[in-house]
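Below, each structure is written out as structure tokens.
Paired with subunit B in one complex and with subunit C in the other, subunit A is shared by the two complexes that follow.
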Partner chain A sequence: MTETTTQGTARERPEAPAGAGGRPRGAARTGPNKPLLGAVGIVAFLGMWEAVPHLGLVSERFLPPASTVLAALAQRATTPGLWIAVGDTLIGWGLGLAIAFVAAVLLGFAMGALPRVRAFTNSTVDFLRPIPSVALIPLAILLYGTDLRSTLLLVVYACFWLIYIQVLYGVADVDPVAEQTARSYGLGRLARIRYVVWPTTLPYLMTGVRLAAAVALILAITAQLIIGSPGIGQEIAVAQSSGAVSSVYALIVATGALGVLINIGVRVLERRVLRWHTSVRGEATA
Partner chain B sequence: MRRTLAALTTGAVLLAATACGSQEADSDSGGLTTVTAGVIPIVDVAPVYLGVEQGFFEERGIDLRLESSSGGAAIVPGVISGEFDLGFSNIVSLIVARGQGLPLTTLTNGVTTTGEQGADMGGVFVQDDSSIQDAGDLEGLTVASNNLKNIGDTTVRQSVRVAGGDPSSVKFVELPFPDMPAALDSGQVDAVWAVEPFASIIRQAGHREIASNFVDTHPELSVAAYFASEQRQAEDPELFADVTAALEESMAYAQDNPDEVRRTISTYTEIDQGVIDELVLPRFPSEINRESVRTLADLMVTDGLVDSEPDLDALYGAKE
Partner chain C sequence: MSANSGTSAGADAANPGATTNHQGERPTMLKVTGLQKIYNGGANAVEAVRDLTFDLGEGKLVCLVGPSGCGKTTLLKCIAGLMPPTSGTVELAGQSVTAPPPGMAVVFQEYGRSLFAWMSVRANVELPLKEKKIPRGRRRELVDESLEAVGLTSFAHAYPWQLSGGMQQRVAIARAIAYEPQVLLMDEPFAAVDAQTRADLEDLIRQIWQRMGVTVLFVTHDIDEAVYLGERVLVLSSSPTVVQDDITVDLPTERDQLTTRQDERFTELRARVYAEIQQAKKSAGAAPTAAPSVAH
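For the complex of A and B:
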């Protein structure tokens, strides 16, 4: 693909932000300021947080100032405990996401190939999908107690539907002309999946993965917090039942930081995987 | 990219397989039997942490693993499903569970009140400038308890009764212990029933204690106990005899070494050292005081927590 076609496609799709290789207009104006504005935003937030307990709006015993909390976090970061908890959380997150991904992709593609079965299972899917994963906590406790599998049950259940639905839509979005063309060139079923269905589905799939990555973290932490499976959530629960308020906030900040890193990571992945796709090529921010 | 996906897929499948395949091993390489206990990360379970540290379990061939389940919600289901070999719970929860037909029996006592008015491991607190002078003044007011229809409200009602008030007019609201200091500070509730470490945190914030509800119920009240499922005990009676003996030794050690208890608390909780030094420790007799539990069970009937007289002998199991 060449630069010219890139820009051509971008212009044909007005909903996609304009500008690819050349980075025209808006990109030049807003691009460099974004990180700066982001940093200013964080500083302002921390400043407000610092001020609120000092001004006595909320007692320091219930909301320690940002400096105290960050100091507590820095202190924890020097102990292995925090990193073990981060590791446990990431294992629950990653493993759950991976299982959901594999199951959703396999099942989604199978359903794409079997429209009758899809029609048959539609109502069941619509019934199961809105069940909040946290409603399964009692079940998780009964089945798996407090170990990692409890976390996985919650994470996999929530993430599976997110990805599965995206795959279903992606598989259904195949351009009939492309499909017919592939057929007339004599491509077999597998080759069509590889060269026609897969590239069509990929952007949907990546959207599903991006959503699921955030939800997986939320549910991993929830499971640890409520069930007591190992990870940051459990550390929060222990700190909470010890009345260690600044530790609770420090761990919450750590969770937020983890969320930001995961989001950045998934966006980088999405960009790499979809670098050929107009939605990515057309994006202004780098 | 295809390779990345392939790797991801393979990895996930492999991990899924191991995740599902990992069963709790009954014996580890050192010839010790692995026993899992479901506990809550609170002051009360310090004796078992001390017992593990002192080798009371190991010398009986037991590798005791302590699974800290934050809210305690997972403990009874965990013991029933076999995920935990034993657990720690308050007596009222155990009586209720037994009354619902869950096959649980107690192994040893867990914690017992200090028996001292105004110096117990839990109590009822009000704002220092409140007009409430004793539990009798709680009539018509709102009191926070961590659970409703459990040991907190039952014993606080008894305090009200002892002080000459009408317990049925006290309104209880459910609030987790960690939220109680703030709720009392802001006046969201008129009084809170809190246990350590929150009792000390509340005391340190300058609030006033008006009643020691455990002491009002019975000066020797057994508040919590270690328990196991009947089935698990029947499968391996010798193991559970050893576990019980190790628990008893741990409790005796904890009772005789309060400084060790305070030191150990800092290893599995995050309680501030300033609070740990001030904590009122419970007593750790290993025998359940059955008379006190009978009193508690009668109160449960009076307050309507259970429909009929609980069968306490069933709860204690066959052992005498």
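For the complex of A and C:
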């Protein structure tokens, strides 16, 4: 088992758990006021966006100025239509992510306990995993039409592999000393899974969830846009076909905002769940 | 639990003259017979431990020293039931050990990896007791007592990684004693802490051992530590390992980092163990073929 694991690790290393080394937290405090800089950046971006169509660099027909788009968004936000679309998108996103999560965790832990089965399924996984979810769109339409289930199929397929691979690495990463400690203190198989394997896997799992949360949103919107299942994507398609350019941009901005919120939410969750982990805890106090 | 009844026994166990015959005075707690461990690598199988036979009387503190790479850790894992020996047996209080027995606690050298970073100090100490199905009230008592014994009462809610190395190893010791083992196995527990902390921890172990009357098997590569701590020192040969010598440490029960280490007898014993280890290293090439050089 160890052999296949090390090989697997060498072949393709998953992203470091929980963004280890990815976020220079120390630098954020010593540098200039980061939130302020961020706000200035956004204002500058909006200013440019406003200026480009006004200066005639791009026709207003293709790129309405920021003020027009934001006004359109504000106007849409007062109607229930937008919020229903957001709700539908979030349902597709959340439900798909949840199904993928549960399936990936259950299967990943089972594979961790059954190294032979894992070796047996490895090649199949390597074949199925690179298939882009969007390639399944025709299949989704055939099976479920414009139903929510079409969105779910795409979201679950893409997210499952992301999380599953992380779980596989996580369950294989259990420290032998921790494992021996647990065994010497009489922890049975289930207790070891709960108190040793699960916490060891958690940083990997959270990385998988973080990646999958972003991918799930992309695929939810894609499914709505192409298949026409209800949600923001479908609204964009409708706005586009009726020539409401500023509405198209407004909805795109809305999806961007949704993505930012989802990312913040996942980060907060990660911080809470992994407060003991090296990636979050920072410097030890002693 | 029997650990309590042994409290008084533990104190007089260190009575110097009596240690020569460890068989007669009290029942054998740990018995290792003809233990052999061969790591299977097909053609290049490695015999880590050849033939080990020794026993520990109840309430004894015995140190196991040997040259580095002599299979100390292998031996300990076999004793702890974490690894099946190729041949030979381990018995704890007359019961054959095939899986980690409930009467045994192990303190590992790598405290940072042995403690669970995702649990507070208190939860770390309490977890084995939960699995042992000890009622909540008694659990709390045991955790409080053991944390007090190692002087970490005020750190119960900290995480292990917030503590220094020495403190972390004290948490591991607290976890071991809260488990109320009959035998406490320690695998080079102080090899990774600084010298001052190490001296403190050595005294802590002597103190806990005297108070609880637990049987301790302390594996170390440090000759001074072995002589300072033990009532008996077992010297192992190079791999493939046998027991090369069994030395009784006839130093007074009350040991002190300064005076004991300056004691003439301490120096003699230390020199003897040192010579044995040197010999063990020399004969490493010409591996011993017979049974252990010391009969029991």
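A few notes on this one:
Note that the second predicted complex is superposed on the first by the 250 of 286 C-alpha atoms of A that agree within 3 Å, B and C clash if a C-alpha of one lies under 4 Å from a C-alpha of the other, contacts with A are read in each partner's own complex, and residues count from 1 in each chain.
Note that in this section contacts are C-beta pairs under 8 Å (C-beta built on N, C-alpha and C of every residue); 3 or more make two chains touch, one makes a residue touch a chain.
Bear in mind the structure is a predicted one, so any value in this text is a computation, not a measurement.
Placing subunit B and subunit C on a common subunit A by superposition gives a fit, with no clash between them. In the superposition on chain A, A:Gly188 contacts subunit C only, with no contact to subunit B.
By the document's definition of touching, of the two partners only subunit B reaches A:Phe62; subunit C does not.
Looking at the superposed arrangement, the partner reaching more residues of subunit A, out of subunit B and subunit C, is B.
Touch criterion met: A:Val238 reaches subunit B, while subunit C stays clear of it. By the touch criterion stated above, A:Arg118 is placed in contact with neither subunit B nor subunit C.
By the document's definition of touching, neither partner reaches A:Arg129: not subunit B, not subunit C. Residue contacts after overlaying the shared chain place A:Arg271 against neither subunit B nor subunit C. Contacts of A:Ile226 after superposition on the shared chain: subunit B is touched, whereas subunit C is not.
Between subunit B and subunit C, the minimal CA-CA distance in the chain A superposition rounds to 12 Å.
Overlaid on A, the two complexes show subunit B and subunit C touching no common residue of subunit A. Residues 77, 80-82, 100, 102, 104-106, 108, 110, 113-114, 116-119, 127-128, 131-132, 159, 161-164, 167, 175, 179 of subunit C touch subunit A in their complex. In the complex of the two chains, the subunit B residues touching subunit A come out as 1, 4, 8-9, 11-13, 15-16, 19-20, 38, 40-42, 67-71, 73-74, 77-78, 81, 83-84, 176-178, 181-182, 185, 197-198, 201, 205, 268-272, 275.
Put simply, subunit A touches subunit C in their complex at residues 175, 177-178, 180-181, 183-188, 191, 195-196, 199, 202, 276-277, 281, 284-286. Note for the complex: subunit A touches subunit B at residues 59, 61-62, 95, 98-99, 101-102, 138, 141-149, 152, 225-228, 234, 237-244, 247, 272-273.
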